[in-house]
Structure formats: C-alpha cells, structure tokens
Amino acid sequence: MTTQNVDRRSQEGAPGATDSGPLSLPDPPVKNPGADRSPGDKALSAQPSTWVAWAGVAAFLVLLMGILVSVVTDSFGRAWYAQWLPTEFTASWYAEAWTRFELGHVILVTLVVAISVVALSILIGVPASYALARRQFPFKRAVTALFLLPVIIPPITFGIPLATVMYNFGLGRTVLAVILVNLVPSVPFVIITMTPFIEQINPAIENAARMSGARMRHVFLRILGPILVPGILAAAILVLVRTVGMFELTYLVSGPGTDTLVVSIFRAMTSAGGSEPRPLVSAMAFLYTAMMLVTLIIALRFVNPTQLVARVRDGDDE
Amino acid sequence: MTTATARTKPPRGSASLRHRLADRGIDSQLLFLVPAIVFILALFVYPFAYGFGLTLQPSEETVDRWGGGILANYVRFFGDAFTFESVWLTARLAIPAALFNVLAAIPLAIKLKHRFRGKRLISTLLVLPITLGTVLTAQGLLIFAGRQGWLNQALLNLGIIDQPLELVHNYIGVLLSLIISGFPFAFLLISSYLSGIDPSLDRAARSLGAGWGQRFFRITLPLLAPGLATTFILTFVLAFSVFPSATLVGDPSGSTRVLAVVAYRFFGEQFDYPMASTVAIMMGLAELVVVAIVLLGRSFLYKGSTGGKG
Amino acid sequence: MTTTSAEDFDTIRIENLGRRFGGTTALQGFDLTVERGEFIALLGPSGCGKSTALNCLAGLLPLTDGQIYVGEQRVDVLPPEKRDFGMVFQSYALFPHLTVAKNVAFGLQMRGVSRRETTRRVDDALRLVRLEDQAGKLPGQLSGGQQQRVAIARAIVIEPRVVLMDEPLSNLDAKLRLEMRTEIRRLHQTLGLTTIYVTHDQEEALSLADRLVVLRAGRVQQIGTPQQLHDNPANWHVADFMGYRNLIDATVAGEPDGQGRVRIEADDLSLLGAAVNPVMPGDRVRIAVRPSDLVVHTAALAATSPVNTLEAQVEIVEYQGREYSVEVRTSAGRVLHVRADLAPEVGATVLLSVDPSRALVYQDDLDGIPAVDPAAVVTA
Amino acid sequence: SAPGSGGGSEDEAPAEDVPEAPAEAVALTIFDVAGAQKELGPMIEKWAKDNPEIISGVSFESGDAPSLVGQIKPQVDSGRLEVDLVLTGNDGLSAGIGSELWIPLIESYGDRLGNQENYLEAAAAMQELASGYGVVLSYYPSGPLLQYNPEKVDEVPTTPEELLAWAEEHPGEFGYARPANSGPGRTFLMGLPYMLGDSDPKDPENGWEKTWEFLIELGTHIDTYPSGTGQVISNMADGTWTMIPTTTGWDINPRATGQLPAEFEAAAFEEFTWVTDAHYAVVPTGQSPDKLSAILALLDGILAPEYNAMAYDEGYFYPGPAVEGATLDLAPESSQEVVEEFGRDWYDELIESAPQETPLDPDKMVAAFDRWDREVGSQG
Amino acid sequence: MTTTSAEDFDTIRIENLGRRFGGTTALQGFDLTVERGEFIALLGPSGCGKSTALNCLAGLLPLTDGQIYVGEQRVDVLPPEKRDFGMVFQSYALFPHLTVAKNVAFGLQMRGVSRRETTRRVDDALRLVRLEDQAGKLPGQLSGGQQQRVAIARAIVIEPRVVLMDEPLSNLDAKLRLEMRTEIRRLHQTLGLTTIYVTHDQEEALSLADRLVVLRAGRVQQIGTPQQLHDNPANWHVADFMGYRNLIDATVAGEPDGQGRVRIEADDLSLLGAAVNPVMPGDRVRIAVRPSDLVVHTAALAATSPVNTLEAQVEIVEYQGREYSVEVRTSAGRVLHVRADLAPEVGATVLLSVDPSRALVYQDDLDGIPAVDPAAVVTA
C-alpha cells in the first residue's frame, strides 16, 4: 500500500456498506475498524451524531449502574444514613431474607412456575402460530385479534375476575393457578412472536418433508421443531423473563407457599403497618436480579434476542 | 365425487370433498388452533366477560350518588373529575415514555447495526434492564437518584447543580422507571425491524446521490415506520398499565395517580369491585383508543416487504 | 439402486385437473397420460400454472376438479406423504439443520427402512449425484449446484413412482445449469424414473423431455415431442414461447395452395407462408418465424436473387460466439430478429429471405384465452 | 389446611357444636395484613408450643389490608378456606365485616374469651369498634408524635401552628406518607382535629374544617407524599427530611433495628390526644368447629398477661399488651433491653396523662382518606 | 434525454484496484481503462470478485489498494453519492414504498433538479424503458422484468458518467432475459452511456459488451473483445468459462511446428492442437475444445477419412432445436460433449474430428491461482 493510501484512510472512511453483499457468509472479524467505511465518510467515532448517541447511551448506563450498585450496596449495608457508604457492612440481610421469607422455597416455586409456563405456552402457542402463519381459514382475523387482546389489555383488567374464577374452581393459592394465570398473557405472546417467525420459513421445506413421506407429526418433530429452535428459544426467554417478573396476575392467586419471588418482595415492601427494612428488600431485589441475570446470560449464549421479530442472520455480529 | 347442488358463486369443483374443504382452509391442521382457542376462551374471554358483567352491577352508594341505573359506574367514571383526570395523568406518562423509548432506540439501533469493537457488550448492557424488575428499579432509583442519593451528591459536589434534583417521588421518577424498563424492549424490536430492511436500498440511494439525512428520512424511516408503530404500541401498552413503579417511585396521590392505581384503590381500599372493574375496563378501552389511532395511522403507511434478508 | 416401487404401474392418468384460487383459475382441464419411464416437461411463461399443476399432482394443493390415477389406484384422495412421489423444489428446500446424508436419509427413515439399508441406499444415492465427499456437511455449506444435487438425491432415494421437479435449475448460473441438465438426464435414464419436470426455459425442456406440455394461462396449449413443438407449434402463443421471436401481423392475400402455402401481406412485406390453421383470403393472421430461419443476404450476395424476401435495415448486432444476433427494422418500423454468420454493418440495408415452410401462419387469436396481465402474475 | 364444613355465612356452627377442644391438634394458617406478626407472632407460637394437644403448628403469611377482601372473599364464597385466622387492623376488620367475611366471635363465643375481662381501658374501647367480630390482641396509643434529627432541628414545634411555621421555613424537609398506606400518617391525620379543636373530630366530612385547611396549607411545603412508612423512614435516614410525624412504635423500632440513627429524638405536641390503635384477630366464616375451638382457646390463651406481655417486642407496637398486668418485666429479656435502650422514659407518663381516643370508624376513615386523596394528596 | 454530464471525461482509469476482506483477497491488481461510451462486461464464476469490483467502483466498498480516475478527477476519495455513477443492482433494490415514477425521480430530487424538469426527465426515462403505463404502481406490483426496467430507468435518469450493472438479468426467466438484453444494448447505444456490466453468463457478456474482463479468484485473467475471448482464451480457466466444455489432460508428444501446432497424447487419443502457451515435449497440458468444434462422423460417413480424430461411444443425446447436444465416452472413460446436426444413435460408436487450430493447448496450471472452494461461495 502506498503512503498516499495511508493518508487517505486517516482522513476518511465511514460506516455503510458493512454488509456482506449477496454473500451470506458470516463476516470475518474486522481487524481494522475503518476497513468497512465508504470513502469520503467520517470514521464512526468522528460523526457528531455518534457522539450524541453515545452520550445518551452513557447517561443510560450510568443510571443503570447507579441503580444496580446502590441497591447492592444497600443490601450489604447497615445504618446507611446520609453518608456516601453505609457505616457497617454485613451479609445478614440476605440471611434474614432467606430464612424469614423461605426464599429457597420461593425460588423453587418461581422456577417451577416459570418453567411450566414456558413449556406450556410453547406447546399451546407454537402449533397455533403454525396454523395462523400457514393457513387461511374462516374467521382468521377474529381469531388473530382474540390472541392479540390479552397482550394489549392491562393485566389488571382481566386479572381480578380471573382470580375469582380460579378461587371458584378451588384453585386459589395453588401452583396450578399461578401457572394458569401466567399463561394468559404468555400463550398469546408466543403466538404473536412465533407467527412471523414461522411465516419466514420456506413452506417448501415442510412440503419437501411431506413429499419424503413424513406425516404431520414427523414434520413437526423432526423438521419444523429443530428449525424453529432459535425462535422458540427467543420467545421462551422473553416469556420466562415476563413470568418471573409478572406481579399483577400472580399476586392475585398466589399465597404462602405459592408466592413467586417478585410477589414475596412486594409483600415485604408493602406489608401493612409499614414495611420491612429497606436493606432487606434490597437484598431480595438483588437476589431477583441476580437470578434473572444468570438466566439471561445462559440464554443469550443460545439465542439472539433480535430474532424476536424477524429471523435475521445478524451478519454484523461477531 | 358428490353432485350436491352448488350454492357458492364459483361453480363447485368436481374434486373430492376433502379437497374442497381443504380449499376453504378447513382441514386437520386447524386442530392446532384448538388448544390455544379453548385456553383463551376459558382463561381470558370468560373472566373478562365476568368482569364486564360486574361493571353493570354498581354498588348502591354509587347509584345513589351518581345515578344512571346499571350504568352508574360509567356515569361516575366520567362524572368524577378526580377519577377521570387519571386518564390524562396516565396518558401523560405513557405517551411520552413510549415516544421517547421509540425515538431514542432508532439512532442507537442504527448505530449498532454497524460493526465495531465492543458492540456486543453495549447491546448486552442496553438489554440488561429487562432483568432488573420493577422492584429493583424502583428501589435503586430511590436510593441512587433520591435527594440525598449518589447522583445528587456527586452533581452537588461537582458544582453542576446547587439544589438537589427532584428525580423521584414524582412524574420524572416514574418516567425514568418506564424508560429503564421499556427502552431495552423498544431497542430490541427496532433493531430487528431495521435488520429486516434490505441494505442494498441504502446503497441504491447512495448511488443516486442521497446524503445520510436524505437516506434516513426518505428511505429508512418510511420503511421502518410500520415497525415503529408496532413498537410504539407495545411499549405504550407496557407504560399504560404501569402500576408498581407509579406507587413506588411516583407520586401516586398526585401527578402519577394513573388508572391502574385508581382501579387498585377501588378494588383494595374502597372495596368497590364493580367500580374497580369499570376503571379497569375503561383503562383497557382508553388504551385501545390510542392503539387504534396508531394502527389507523399505520394503515396509511407502506407496509409491504422491506426486502430484508429474512 | 433398484426401482422396485416403480414397477407397480404402467401409466399415470391425470384427468381434467383444475384448480382455482378464489376467482382466478390457475389450472383448468388438464388431461395427460404419462407412461412409466417417460420424461415430461411442463413448459410455459411465468404464472401459467406450471407449479400449480405440479403441486396438485404432489398433493400439496387441494384440487378444485379432476382425478389422478397411478395405474389403477386413485391417488388424488391421498395426502402427499402417502402418494409415494418424489419432489425437487425450485428453492431446493433442503432441511437446513440436517447434514447432507441425513437430508437424503430422511425419506427412508419415514418409511421405516432399517438402519443398514438406509446407510447403503443413502451412500448409493450420494454416489449417483457425486456427493460422496459432502455427506457430512450442512446444506448451508454447499454451493448451489451441490445443493441441487442433494435435493435430487433426496427425491430419488425413496425410489418414488414419479419424480416431480419444479424449475430445479433456475437458481443456478449458466455453466452449472448446463452441467446439471446433463446430470438430470443421466439419472432419469439410469434409474428408469418417471419424471415430470417444470421449466420456463424452452431450451431446457427441449433437451430433456420425451414429451412437452405447453401451458398458457392455466390451459394446455399443446402436447408433443420436442420436435413437434419446435417445428410445429399449435398456435402463435406456443410459437412465441418456442423461440419464434418474429411475430408479424398480416392479412391473407390469397388461397392456400396444395401444400398449405399461402401468400400473406402487410404494409411492408409480402411473403409465402405455411398455414397452420385453415385460413381464408382476408383473414387477419400472425406469421411466426424463428430468427435462425431468416437468412440475411447482404448487398453483395443479393445477386443470387433469393425468393420470399423482405428488405430491412440493420440496427443492432450482437456477437453470440459463432454467430451474430441481429436486430433489423423494416421500412414500416417493424423490428425483426435475425441470425447471421457474418456481422452485417449497422445501418446497412439487407435482404432477408425465409423458406415458406418455416414461416408459420396462424389465425390471429384462435384460442380466445385473454392475454395474461404480466403484472398480475408475478409470483413470490 | 382443609376447608370448613360446607361454607357460606348462613350455616354458622352453633356455639354448642363447637367442642371445648379439637379432636386432635390442628395446624393453623394465620394471615397477617397488619404487620402484627412482629409483636403477636412470638406469643402465638409460644402458646401453641405450650399447648401441643390443641395446636400442632402455625404458619404465617402476610399481605396488606387492601388486598384482604380480594384474598379472603373468594375463599369464603367457594367454601374452601386456605386461611384460618386473620390478624388485622381496623381497616381490614371492617372491610371484612362489610363483605360478611368474619364469624361474629364475641356474639357467638364470647363466653370462651374470658381474658377479655382484663382489657386495659383503651383496649376495651378498641374492642368496641370490632362490632363483635374481632378480638383485640394488642393495643398501643400510637401518636401523633414528632420525630426529628436533633442535629438539624433546634426548636421543636409544640403545636400544629408551630409545625406549620417550621415547615414553611424548611420547605421539603417535613413530610408524611399517604395516610391510607401508613400508620403514622393516619395517626397524624386523626390526631389533628383534636389539637386544632375541630368541631367533630370523628366526622371527617363535616367536622374537620380546620384540619383540612391546615393540611392543605401544610401541603404547600411538602414535596411528596410517599406511599408507605418505609419510604418515610428512608427519607429520614438519608437526610432528605428532618422531621416527620410518628408514633411510639415507629419512633422506637426503626432506631432499634438500625434503620434510623439512635440519636434521633421524638417529641410530643403540647396538648394532644392519643389516637389509639389495635390489632385484631378475626376468623373467616365457614371455619370448621374443630379449628374454631382451637382458635378460641388460642385467642383466650394469649390474652393472659404472661403471653400478652410479649407484645412489647422490639418496641414496634409500644407498649403493645392489651391486658392489665402484662408489664415489661414479664416480657422476654431481649424486649426489655430494646425498650430500655431505645424507649423514651417520658412515654409511660404521657400515656397516663394525655387523653386517648379511638380511631375513626372504618367507613369514615375511607371517607377521610378519599378526601385527603382528593384535596391534599393530589396537590402534592 | 441529453447526456451532458457524460461529456466531461474521456476515460475512466482503474489502477491496481484491490480489496481484502479480513484474510481473503476478493480482488487484486485490477487495472482497466474504459473509454467513454464503451460497454465493458466483467465476467467470471460466482465468488470471483465481480461484485466486489463493481462496489469498489461505486464507492460502496472501501478500497484496500488502488485509485480510480474519471478523466483527470480522482474519484476513489469521494463517497458514493458524490461520484455521479448510476448503479443497477442484482436484486433491483427498488424503494418498495415509492411508486415507479418516484423511484425514478429519486436521484433527480437528490440533485435538486426542479420539479418540472424532474417530471419531464422521469417521463422520458420511463418511455425509454417502456413503462409509461406503470408510473403510478408500486414496485411490488410489477413483474420481474418490469422491476428490472425501473431499476435501469432509475440509474440512467440521472445521466450518470458511468452506469454500473450487477447481474441485472440473473433473476429473470429465459425469454425475458433475452428481451432485456436487447433493451440494455439499445439504451446503451441510444444514450451513449458508459457501462460496466457484471455477469456470470458468458453468452450475455459476449452479446452485449465491447470488451470483456474475465476474473477468477479476484484476479484479471484476460481482457479483450468478445471475439478474442471467444476464440483465444488466455488460459484454460478462461477457456472453460467461455464454453470450451471439453478439457482434456494430456502430454505433449512432439515439438510445435511453425504454426504453433503440436501433437499431444493421452491414453485414448492423439491429436494435433494449437499451443497457446509455449510448450515443450513431455509437458503436462490441458486441451480445450468447444463442443461445436468436435465434428461427429457416424460410421457411414467415416469413409471420408477425416483427420485429427478420436473414437467414442454415444451416451446421451439431447435435442436442442436445430441441433443435438451429444455426450460421448472414449474408450478410457473420458466424457466429451459434442454438437451434431443429426441425432446419432445412443450406443453407436462415432468418430470425432477437430480442426487442430480449434484444439487449444494450455500449460496445465499457468497462473497458479488455487481453485476456489465452491462451498465457500454459495450465494444467498
């Protein structure tokens, strides 16, 4: 390369044209970040719009970290008044939370509920999204709208009568009830996210399987299932996160022994006559976040969350 | 082959009944829908109808005070300024929050479409808040952004401000909480809509002489718009039913007395279930109005294929 | 590889097959009898109903009309997986999560073939399509031509009664297309398959098929051997599609002679042609002539005084390897396509002659099928 | 825990059907919606331990008063009780009465609760409010008192007017929680009419002119009204606020647990009336006779001084006991230490000297809250 | 339509253009000078770097090496939107939300052309591509060929200095492809455009271009006129790509004679060929022969004793309209492709002869570029 070239590249270059063109190869790692810039464009880091965007990101992250760190600090602190840090550090809040609220059991319940909800909503939702994605049938629009409503209607609107119905059937305060109410928004959620995902899969693949002699069951288990795995995982994670975090509905039907973690925390925060000490709540809140984080980190190893809407090969990701 | 009389307009074909049913979309694959439909009817439609029935059984006190017979709850909802004001209070929170989340996510999603070092880290950090949960967010905001929190202390010590910023227990607190919980969601959705747009369109526009602004406003934005509308609706729905954070970091007596809080008070403090149901249903309705307006607007947009690689 | 299951029938009878989508008729009155071992090509422009016909045969689309028999068995009442047909899709439709070998093995597994037998037959099939080395790869790691061959192996390994192929080569590049064409022909012959093949490329159809079925707007226009179609298209639509690029509107100027020759005239020409349909003087007709049947006589050669000629000016000359493709314009502004062995000069006036038997004269619109609006038939 | 016999409020077991003691020891699920477990839990557990033939075990669950009806009503309606005993304040008590959820314990089984004879005067007054449905188990005179940071407050207000002046001078440094969600908040609310000399301190709608005027005026110097006492404590702890209204228990307990600095001081208004508070036990209708008998034995048992003295706890409900003779020296060692260290020596004297009044009727309370929400809270 | 902006340069000079993706070199040492008004085709197999070259020219990909000059102006430092090049994309890349007319107008609006002028030029351009009637439609409502023409109109309406086209016809069907080819040629000539055209279809390249550039694995193999490339490929790769389907590995058996003829031998044949590269006896070489240069002599005709012959057995005969494509196998199992005017019988033994000047003899691997792994270049 001539010196001229070096000069030129130090002056310009920009994003754009990062795409692999018609080739769907995964892009190799970029050694030189400027190498994918079109001539005449500024480096990504030199664009004013970049600075604005990054400043926003920085503010967001500062807020985020501040929130996280302050809760963690609080949860390990004792007698934190108007100083920068608590006067005393202790892990006793965790111990107290653990025994007082039987968190071991609560977490177990939370996991059981979350996993059951995920599994059931996938089992019920995916076949339905298949039918919606592939078939034209009478009243399809009505059915689609019906599936959309529970996601759009605020949980509190249908949660109260739903809880009453649960109690009427003698299901109050059972794990089953907690699972069922959480399915109400989860099944439609799976349907809504999986339908476009299935639509993007070439129907010829199913046809090919049928032409090879596969019955519908085999088409589903051996062909569609595996192909849908990324989409199902993405949907599953979001359902998992929503279920673990779902307070409004769970609270209405759960009771001691069937509370999920978030409800336990809420009870601790709002129990009448005041509330539990703040660090205790902080400790529980942090346990909750830690649990979610671990789940999410494990999950992100397997799925790309941007596959939520479109099944896109994120070629730009390394 | 049957020769039953044809009632439909196009002449009935001569193929076997199975084919003719299949042609109308009726075949065994429809069974896939059955579990989901049964489920929705039992656990959503039935309770919902029950709740709606409740709204038509107003408490005596409500009928006495507001009149209107079986519609007394509705009369009260619209007649009681204190209650009705909540519609506005809720909208005032939810619409800006959803708008902000969508608008802020656009440039970031675009920036993060490019490749650069640390991209994965940043996207992960942006998505992180979905793990926080309302409680931790609220707790953290109170501690971190409170009058005496680290944020204010730092800013005071740095001399950037001379009065602590009022960031919690008010409108701003709830807005912040809604942004923290809603933004990652919007960011994820918009990112994936964006990657659905054929990158060669941008290149085509470049080759035709369009600068970045022109490309953004004339190509990317119009193609992204339907996705933005959907994202807006979804984050708006999340924000509209805000409840825990409105109580915890807001000013639930005043500026953040959102509909969910009002419904909950009728339910849990005044034990007026019919009225609680009414507020809840009106809340759903108000939300649907906004959703409908957005969807109507969306129907004017181009929403065909964006030529993505999907 | 044996072809046991292919033994159990003599013909496939397709009777009055029809398919409507809502208001539009995609296929109508399709009748065809296919002999075992035959190679049939369905040919026609985009949107003419080729894929519809194939999908109806496969059972992937419900029928509106008609029946299908394989031997004496009626198969249109069976679901696709029970018909025992193999199919190769335009987009290959390989299972992206399975290796090449597993893709090919899938159909055998569905049939409960034993493990050892499966391995053996998969190996055989992969050897046939020359992909032994790629058995362990995923489809995404293969080139287009290799994917295509996997798709073919997958379809034939189950030794189906019929192999259906929907434009299997249209996604390949020119050189590969040529190679794969030979491959398909070879497999068809080696395995004694019965093949129904959809294409819009007349050259492909001509070179592969024993018989061609030309479709237009959902109706069969002509069925015949490659020669028949190439030399004697049944109407001008078929002619157009079979490479008769020059379609000239004219009027019949005289009675046909004994050999069916008839003089036709237009503003700028007067030619003898072979009447395909019965014509009367004064009828509006359309003459179809292949570019290669229009012989170019440059000024120098005009001395040999060819007969049945017309005059035109050279407009565009394209090099085509051994010969030139020339576009000429007659005095009345009519554009004609011509082949020439030597490049005429652009702007030069040339004399074109045509053998009367190669200028086919058709009634203007015999079949009455309204022309298809091309914008309405763009398929996804 | 098993459901009761049948259910519904009509077929209540007649007193004579309820045995003296259960056939075998029962396990009780106790639902606490008042935070009463802190001071009542240990005594219930101790009594159960001492009487294993009656109660085999107790488990607690907690919730908040607002959700009480939502949780219990479906159980009562469906006749499947998941909760055997409810510990509540006035609010939950009356909400349940309104929804016909409770067994009229005193009316039907008063004779089995002999220890009610020993109620302190104020506790007996509170028992009156229970309309025969609930049993007072613990009581405290509550407030309103003031708590402040002595480092920042030099002159402690002694009248509401001085408080107003102080708040005006220190905007944003005084505050209290939304009364509907906060004990100290509602005590302050209910205590004001007495101090301000309103026409009818028991009628918030028509008799509280001065109180409402005062609160609105005070509100102009208050930034926010948190939705729980917890946040009020945090605000004091981190220095956001320097003065709050409080109660005896809320003064002692947070300092004892380290939520507030021990140095914080409390003060009483010059002329004021205690607004007492109590925790009640109620039993949902449909309870089985067996369990009911155990519950009645339990309730009577813990009203004995040696058990009831455990209500001193960590000063959370100071003093706590509802019966005569339950003195501090009967309380556990740890309780005595806490009260010793964090209690105020002038409390006991003040409890003796200042007048005591029962809180508002629950429906009046709801009305007061509603008015506060509309006129005071919404201005924040 | 005038072509004002095209007037301001005489040549486009591409100097030493190179582009690497991470470790792989997609393009290297690409030198080319294009005259104004010339039609250049870039030709090569999939993955050879054609699109890379075009995108580098357009500015859509940054260069790793080299410079580009239009006239005396250096343009590689300009962003794409400033280069004033028009581009037609393989996937058309029409703006799906804009009507045909607005798609075409886009470039003019970007240049701030007045409204009236824009309307006029858009109308002109649409008329040129014969889409006047479709102006108001959205691209999704058009057929493939129509979309292609919109893409062309959009690229030429801005009267660019150069039009770049990336496989514009590869998505079209056979008949349409032929028509559009003529159209592109016509537009190029009518408007006096300078065009750089990417294709992998040699026939297309031959018929359209003034000069061809053949690429392989990122390097230029040969630049020349269609005739030069057709008749004298520079190496066997180019020959292979230009339709020399028969590539025979052999050994040089004698010294070249005066006309460059040399005898080469393999197991089953001994032929005279024309040495393209200098060869020595004993060298391993590769002979390239077009199917149409192998003349078939059936047994009956063998009496005419042709020279330079080899014997083979007919395996497959494909009808191709006027002629037959025949696959034969020599005694050593070598498969050769042959054209024949009359169909030989399958199984018959035939004599093939080739004019020594049409059997090109190449050094086995002169260029040393490793063959591209086909699996790595699968296109999306």
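Note that the chains take the letters A, B, C, D and E in the order they are written out, and that residue 1 is the start of every chain.
The rule we apply is simple: contacts are C-beta pairs under 8 Å (C-beta built on N, C-alpha and C of every residue); 3 or more make two chains touch, one makes a residue touch a chain.
As the structure is a prediction and not an experimental result, all values here were calculated from the model.
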item: Count of contact steps on the shortest path from subunit B to subunit D; value: 1
item: Contact-richer chain pair [A-B vs A-D]; value: A-B
item: Chain whose Cα mean lies nearest the overall Cα mean; value: A
item: Centroid spacing, where centroids are CA-atom means, of subunit A and subunit E in whole angstrom; value: 50
item: Interchain centroid distance [CA atoms averaged], subunit C/subunit E, Å; value: 25
item: Averaged-CA centre spacing for the pair subunit D and subunit A, given as whole angstrom; value: 41
item: Averaged-CA centre spacing for the pair subunit C and subunit A, given as whole angstrom; value: 51
item: Residues within subunit B bordering two or more other chains; value: 143, 148-149, 200, 203, 206, 248, 264, 267, 309
item: Sites on subunit E at which at least two other chains make contact; value: 59-60, 79-80, 82, 91, 377-380
item: Residues within subunit A bordering two or more other chains; value: 16-17, 24, 27, 30, 36, 38, 82, 160, 164, 269, 278, 281
item: Of subunit C, residues touching subunit B in the complex; value: 16, 18, 20, 23, 62-67, 76-77
item: Of all residues in subunit A, those that touch subunit C in their complex; value: 24, 202, 204-205, 207-215, 218, 222-223, 226-227
item: Subunit A-touching residues of subunit B, taken from the complex the two chains share; value: 24-26, 28-30, 32-33, 35-37, 39-40, 43-48, 50-51, 54, 104, 107-108, 111, 113-117, 119-120, 122, 124-137, 139-141, 143-145, 148-151, 153, 176, 180, 183, 188-189, 191-193, 195-196, 199-200, 202-203, 206, 227, 233, 237, 240-241, 243-244, 248, 260, 263-264, 267, 273, 276-277, 280-281, 283-284, 287-288, 291, 308-310
item: Complex contact set, residues of subunit B against subunit D; value: 82, 142-143, 146-149, 166, 169-170, 247-248, 251-255, 257, 264-265, 267-271
item: Subunit B - residues contacting subunit E, complex; value: 198, 200-201, 203-211, 214, 218-219, 222-223, 301-302, 304-307, 309
